[in-house]
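Below is one structure. I have some questions about it.
Letters A, B, C and D mark the chains in the order given here, with residues in each chain numbered from 1 onward.
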Amino acid sequence: MKKMDRNQMAARVAQDIPEGAYVNLGIGLPTLVANHIPQGREVLLHSENGVLGIGPAPAKGAEDDDLINAGKQPVTLLAGGSYFHHADSFAMIRGQHLDFCVLGAFQVSVAGDIANWHTGAPDAIPAVGGAMDLAMGAKNVLVMMEHLTKSGESKLVEYCTYPLTGARCVSRVYTDLAVIDIKPDGMHVVDIVEGLDFAELQRISGVPLKYRETARA
Amino acid sequence: MKKMDRNQMAARVAQDIPEGAYVNLGIGLPTLVANHIPQGREVLLHSENGVLGIGPAPAKGAEDDDLINAGKQPVTLLAGGSYFHHADSFAMIRGQHLDFCVLGAFQVSVAGDIANWHTGAPDAIPAVGGAMDLAMGAKNVLVMMEHLTKSGESKLVEYCTYPLTGARCVSRVYTDLAVIDIKPDGMHVVDIVEGLDFAELQRISGVPLKYRETARA
Amino acid sequence: MINKIVPSLEAAVADIRDGSTILIGGFGGAGMPSALMSALIAQGAKDLTVVNNNAGNGDTGLAALIAAKQVRKIICSFPRQADSGHFDKAYRSGELELELVPQGTLAERIRAAGAGIGAFFTPTAFGTQLAEGKETRRIGDRDYVLELPIHADYALIKADRGDRWGNLTYRMTARNFGPIMASAAKCTIAQVRETVELGELDPESVVTPGIFVKRVVKTGAAA
Amino acid sequence: MINKIVPSLEAAVADIRDGSTILIGGFGGAGMPSALMSALIAQGAKDLTVVNNNAGNGDTGLAALIAAKQVRKIICSFPRQADSGHFDKAYRSGELELELVPQGTLAERIRAAGAGIGAFFTPTAFGTQLAEGKETRRIGDRDYVLELPIHADYALIKADRGDRWGNLTYRMTARNFGPIMASAAKCTIAQVRETVELGELDPESVVTPGIFVKRVVKTGAAA
């Protein structure tokens, strides 16, 4: 089995983002997706701190402290980009103007619930940022995450045990092992990495998955 | 008795608008107030269609169809003025950022209710514009109106018989006969035109008025 | 390559269907998308619900749309004007339904639709006829009325300059309802005086980011 | 003559009293009014409720205000960061109260205060811990949570250019919370890189009209 690395996962997500899409990439892993949008495909990247039309990372030494993304990394602006204030930025999100957001997650449930903001540990300091707005606002909520936790538990779950970020909002999950659609009747496997068969994916996932073979059966 | 004419009334209102005030002047009679702000006193005029810092009327031939006030009259913009959209413009109004609005009225009640948008006649086509927003939003709602209707009835009333524009919102009324403050304990006469005594004003007004003499009594 | 610039007014309004809800920009003549209005009249969609501050003036624009009997309902703040004859006639005959909304509430309901707000409490109109039958609530020391967003199928607006990503700037008080209407419709169509290359609009001064705009059509200064 | 330009940072913050609620602009370092924050620390007002997206980074700005024990409560969306040690310590010791608000809800609550909206229904956080105890309602086919405005005594913001009437422009993503915070406070104080003559700011590009601003103080590019 060949697990996908972070860049392969990002490339797989990028493949599903069509020309003309308005997209918000979450902090961390999802940010990598920007590097894999095919040359010449115009995709408009939004960041919740008030910018649309983010370009590539600035050259070393050309960073501007006033031009950052939601992860507080320096970015650039494409010709055709624009700036706006926070209420307008979240109007774009909450008002369902973004075609896609890509979020990391601790867990995704069969119903499409996502948990990604808080471990729920009693001594943890909670921090939510824009995650809940994105989860409830984007037309399509895509999740990118490892399939399993470090201790080998599935991050696809029947019910989230971590506090929810949003309920019934995830449409597709990209893991290092598979791509899975979430539909009203459950989780449907779209792709599996080479060398992993569906039975094994089903076994380690621990939640009922559907696949074209099983659909036919 | 010397009734004030429209320009005298406007000048009397202008006298009460201090330097630095943000003011919205309603359509019609209140618009005249702009002409009587003393030279050199900086007062910022707002119009609800999205402009702050209105200047004098343009010269004949210099009108621009894109630069109008809420009465759809051509205006000019002062250096330091700005444009904004309708939601932002009414945020200024509703959010109590205007120091004064000056409205015309059919009736004002002892409690400070104002009726100025609709006669209530069954065949009348109603039209409200921004009157209700201004009545509920400005820090100080000033009313400019004739004291009596054409048939001689007082426009100061115990209760408005016309449909309300706003409840308990008027702070001062300027008529062609007097200036009257509205306070929690009723109407207080501030000024009376020359040649009219308080007893006569009280008689034709038909609602209880207080005056410095009566306050002392 | 994204290109929201469409070649003609006809193409811009071609898919508007009978029964659509349409936001129409403009306050008086300023910002009125006259060229798109003419195209909509030629296109002929009927049974429309129209949202505008007014209800048409003279014989052009919205007044002409009403005269052509394409409008079933108007949501506006100020229908009655010296030259609103076409509205007056259709309203009095019962052909045209009117929903009268205070101007700021109209603007905020449109903005709420664009911003994904489900409903909001406004102090405007509390205690008046226009709040009759509406839910009210005292919050702090003020009384409020609950109002719902106005979502639409289309917005027809007039801007000054636009680019192929749909970014728009406006001119003076012609801005009025344009930016909020652009955000509240499934399909926003902007007529512009001038189209420019990507990057010619200052990113600090773009008023309507292209995310809110589906089609841009150039009319020149005259329309 | 109206002149909102004040001569010093000290004068700008002199009247801030113990117990005030203060909106502080900025997202990370961009738009953070560092010079005003330093002045507020020197001024010494205590028992403050502070609203910011974060809860301070490193040892300057909001972090320094917390370290100086001037803050009683923070309303923010993202307190936990790699370098938020001063917050972490004060929070864990129980000295500092935290109200955690989703970022978009934070922005909309501030905007609602400025716009005179009494409350609004947002879909964000429905069904989550952050909506616990809050009123909810189904409107159409979505579920919403009722949220209240955040009014403040002061807003401290950083803008790019300002004039004597208080008009402001911003620079890139340093705009973030500035315009909405300016509208939501009784007294908004803006530090600017540059002050300009009336009329030098393009009226089409003024982002915060002066009506929302009480004091402007020039710091130059460094602050």
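Convention: a residue touches a chain if its C-beta (ideal position, glycine included) is under 8 Å from a C-beta of that chain, and two chains touch if they have at least 3 such contacts.
Just so it is clear, the structure is predicted and the values come from calculations on it, not from any experiment.
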Set of chains adjacent to chain B and to chain C: D
Number of steps on the shortest touching-chain route linking chain C and chain D: 1
A-D or B-D, whichever has more C-beta pairs in contact: A-D
Interchain centroid distance [CA atoms averaged], chain A/chain D, Å: 29
Averaged-CA centre spacing for the pair chain C and chain A, given as whole angstrom: 35
Chain A-chain B separation of Cα centroids, rounded to whole Å: 55
Numbers and ranges of chain C residues touching at least 2 other chains: 108, 111, 115-117, 122-123, 170-172, 204, 207
In chain A, residues with contacts to at least two other chains: 77, 83-84, 87, 90, 93-94, 137
Chains touching one another, given as label pairs in label order: A-C, A-D, B-C, B-D, C-D
Sites on chain D touched by chain B in the complex: 1-2, 111, 113-117, 163-165, 167, 183, 197-199, 201, 203-204, 206, 209-212
Residues on chain B engaged by chain C in the complex (per definition of touch): 47-51, 64-68, 72, 77, 83-87, 89-90, 93-94, 113, 118, 123-133, 136-137, 163-167
Chain A to chain C touching residues, read off their complex: 19-20, 22, 42, 44, 46, 52-53, 77, 79-84, 87, 90-98, 137
Touch list for chain C against partner chain B, complex: 27-31, 77-81, 88, 91-92, 98, 100-105, 107-108, 110-111, 122-130, 170-180, 207
Chain C-facing residues of chain D, complex: 108, 112, 115-123, 137, 139-140, 142, 144, 148, 169-172, 202-205, 207
